[in-house]
Amino acid sequence: MTETAPVPTASPSSLRLIATLAGIAIMSGLLVALAAEFTREPILKNRREALEKAVFTVLPEATARKNFLLNESGLTPLGDDAISEANCYAGYNESGELVGVAIEASARGYQDVVKILYGYNPHTNCILGFTVLQSSETPGLGDRVETDPDFLANFACLEATLNEAGTDLKNQIVTVKNGTKKHPWQIDAISGATVTSTAIGTALQKSTTKLLPLIHKVEPEFAQ
Amino acid sequence: MTNSGTQSSPQVLLRTSPHLRDTQPVDVIMRNVVYALLPVCAFSVWQFGISVLGLIITCTASCVLTEHVIRKLQHKPTTITDWSATITGVLLALTLPPGFPLWMAVVASIFGIAVGKMFFGGLGFNVMNPALIGRAFAQAAFTVPMTTWVPNSAPSRFTEFIPSTLTLPFLRPNSISEWLAQNAVDGFSGATPLAVMKFEHVPADSIELLLGTTAGSSGETGALLILLCGCYLIFRNMMNWRITASILLTAALFSGICHAINPEIYPDPLFTVCSGGLMLGAVFMATDMVGSPVTPVGIWIYGILIGLLTVIIRFWGGLSEGVMYAILLGNAFSPLISSVTQPKRYGAPQKEAAK
Amino acid sequence: MQPDSLTFIFLNAFVINNFVLAMFLGLCPFLGVSGKIKTAANMGLAVVFVMLVSSSSAYGINLLLAKFKLEFLRLICYIAVIASAVQLVEMAIKKFSPALFRALGIFLPLITTNCAILGLALFQTNREYNFPQSLAFSVGAGAGFTLALVLMAGLREKLELADVPDVVTSAALALTLGGLLSLAFMGFAGLGG
Amino acid sequence: MKDPRIPDPLSWSVFTQGIWRDNPVFVMLLGLCPLLAVTNTAMNALAMGLATTFVLVCSGTLVSLLQRVIPKQVRIAAYIIIIATFVTIVDYAIQAISLDLHKALGAFIQLIVVNCVILGRAEAYASKNPVVNAIVNAFGMGVGFTLALLSLGIVREIIGSGSLFGIDLFGAQFQPWAVFVLPPGGFFVLAFWLFVFSLMRKRKETRAKQEEVARAA
């Protein structure tokens, strides 16, 4: 697209130019608005399903979910469709008891940022599991964090207990070299994929340090 | 690998070459580089056993054969007699892990020669070091085998192959855990000194690094021996010592500064220079005349750039070793460096060099 | 390094996930305008400039659209803004620095269809960068684009004398060079991690 | 490419032009950004191809219908708005069909706007030809583009992950060559195809020359 073609002999008035462009713009605006309107429901449904699947993966016992916004000023319940505004999702079992909270976290991986969703049970102080929401880690290496059974075994119950004052973790979550895990708050790295394993650990450590004190403060409010 | 682009291409000679050795025929220089590499090969076979011998033979044979076949397909006389494909094969083998599956080594050799060299018209026109292109391709394609290390001086190294070496083509490498259990010397961690330093901040013993009794790529251990072999080439005036010197000095200086700031995380200069593939790269790969700048000042800039990049990737990158990428990037930068440092022509416009 | 720090955002677009070599944005000029180092550098300069302008205007537009809940118009607005930004930049340069205009002149109109510019605006919106982050992103992306272009030009100038086999077309050659550069840039993965 | 005032008669070549003789990728080297960026799996390649075809056909139709209405001076701006409209629609449609697909293609769906193939078709063909021709030609171009995407996507997925359309081909023991699903692989596979086509062309030329010589003798 370089330059417009040579001007024809009878050039139309600029009014007509503007009018044509405006007409086309209005038409396309209408078309786009229509498309957005028609697809809103299915897209929301897809988002809900994707989220539900992720939440139920990290909170295996959960059968129902509720969206919340958690920040310094407290816990705000949100509607079922407010997925993008929420930052934590509570999961409940069939009898309506809270089985855990799913939270998003992210950290620097090998190639780019790794985004995960992890489940946390405030009663047992355990991180119950995680699922990768977004990553571009090396195929066959970094992406093993989701499939490697030894690595996933770290998350049977990864300890995240608050200190007495309730302001910080008692023991910081840390990723250690493959085969040297000694404590329940350590993550045994995948050998050869140290960077991605560490990224998962860092994401969990950062996010729990920030959010656990808040969660424990408002825990009763999660109840259905 | 030294000056090589001058064999069949009079155009290249037009460039201001600062090198005295243009008087020596290419194949003589190349043959001497092979001689200089032989002690390194012998040492690595002694260190890691017949698996490495297999690796060296496989890589060399596939490189030479690839070049020969491509020349035949082009209906042109073969160029394997200039020894350059041999050097590429040997160097590639020396940069691969000792237990690397042979079929993958063949793939890396073919890629290095075919895409890295013949695609551009063969010797003298390749823009980057073919051996390193082969290795970078293998690193990106077969990441896990490329970062699986075995201990040196395993007891059975002269009688049996490391199981992963003999993996069938197109299959994942055979498991070496059983072999490791039988052969692992006290507390072998499955990592190179560089990786141990990077991820656990435990430096290896410098004497071990100098002598080469550590884990690592086949031929990169034994910094002292590599340096000696390089000295032979320098002594015969077949290698540009400025490149080697500037890379090593820059790397040492840079890591020395970092070490002074935080000795906990950053290793000392001796470790930086002797560990990993830096010595092998600085002596035998960065000095490849085809991929380095042609101006005297450019040579120094090129060396400094490689030294800096190596240390940057090692200290702050996701990989524990960065020499290979640093040299490839150095090769990529070298036409630019040449053009910026080109002596001004008489009557040339004021703003000659862009960027 | 924090994933949302300005340094990381810059480095990420500059070398780690280089705009051209890892994200494949701006390939047309990468293959088309990379014959000479000088031209490539000028093109890069023009792109950095336009990127800064269009990235900041895209940031403003996005704020406006979000305020009125008109996100579905985003793409149309972005492309319109970029096209006008290129026009404005062209006019401004012409007025204030005729020398620069002569150097960049022919490249400026080409930039509108450079997908690196629109890609920049879209990625900064997807990643929800704030204003300083958007600026760091656009400078990084522009620098990365320039670097890739200039390196490519250097290699191609060098290869002008090469005895390249006649079945290797210049496009295949350029793409292979791009692949090799991309391979070399993989060394920057995880930088600053 | 031809005199703009004489509309093409509707013929088979209007359709096939985009598939072989003027293939947007292999012959004209257009639209390379999405071509390399999303072809790490065959599925992504197919989805991208279909999306592009949809935009090509729709914008071609509209541009052809409006060719007498749009003044020459503002035609490019008008085309871009029309294209952006359909791209936005496709973007929403893909989100409604599958979020995973949308995530895999990412911003590259929206980047269809700056795919030179589409603007090029609008400018060079749709704006000068009857609607039916414009549709058929755009469809042919779309098919050609999709084939190019697939030829990359299939090669990259088979070698790079040992599968095709997500179906495992060689079993668990196969060692995938990960480089092919990484960025350098995209460059190399496209360069490989261009090399192969150039080789074929050369062969054909040599054979034609030989036949000529033989006939002369």
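A, B, C and D are the chain letters, set down in written order, and residue numbers restart from 1 in every chain.
Please note the rule applied: a contact is a pair of C-beta atoms (placed from the backbone, for glycine too) under 8 Å apart; a residue touches a chain by one contact, two chains touch by 3 or more.
Here the structure is a predicted model, which is why all the values come from computation and not from measurement.
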Q. Does C-D or A-B have the larger number of C-beta pairs in contact?
A. C-D
**Q.** Chain whose Cα mean lies nearest the overall Cα mean
**A.** C
(Q) Rounded to a whole Å, what is the gap between the Cα centroids of chain C and chain D? (A) 23
Q: Could you put a whole-Å number on the gap between the CA centroids of chain A and chain B?
A: 42
Q: Please compute the C-alpha centroid of chain A, do the same for chain D, then give the distance between them in whole Å.
A: 34
Q | Interchain centroid distance [CA atoms averaged], chain B/chain D, Å | A | 40
Q) In chain C, what residues contact two or more other chains? A) 72-73, 76, 113, 168, 173, 176, 179-180, 183, 186, 189-190, 192-193
Q | Interface hub residues of chain A, defined as touching at least two other chains | A | 1, 25, 28, 32, 35-36, 110, 138, 140-141, 195
(Q) Residues touching two or more other chains, restricted to chain D: which are they? (A) 77, 81, 84-85, 88, 92, 119, 178-179, 182, 184-185, 188
Q) Looking only at which chains touch which, which shape fits best: line, ring, star, complete or other? A) complete
(Q) Give the list of chain D residues in touch with chain C in this complex. (A) 29-30, 32-34, 36-37, 77, 80-81, 84-85, 87-88, 91-92, 106-107, 110-111, 113-116, 119, 179, 182-188, 190-191, 194-195, 198-199, 202
Q. Quick one: in the complex, what on chain C touches chain D?
A. 21-28, 31, 72-76, 79-80, 83, 113-115, 118-119, 122-123, 126, 166-169, 171-173, 175-176, 178-180, 182-183, 186
Q: Using the touch rule from the top, collect the residues of chain D that touch chain A in their complex.
A: 66, 69-78, 81-82, 84-85, 88-89, 92-93, 95-100, 103, 119, 123, 160-161, 176, 178, 181-182
Q) Which residues, counting only chain A, touch chain D once they are in their complex? A) 1, 4-5, 7-8, 11-12, 16-17, 20-21, 24-25, 28, 31-32, 35-36, 38-39, 42-43, 46-47, 50, 134, 138-141
Q. For chain A, which residues are in contact with chain C within the complex?
A. 1-3, 25, 28-29, 32-33, 35-36, 106-113, 195, 199
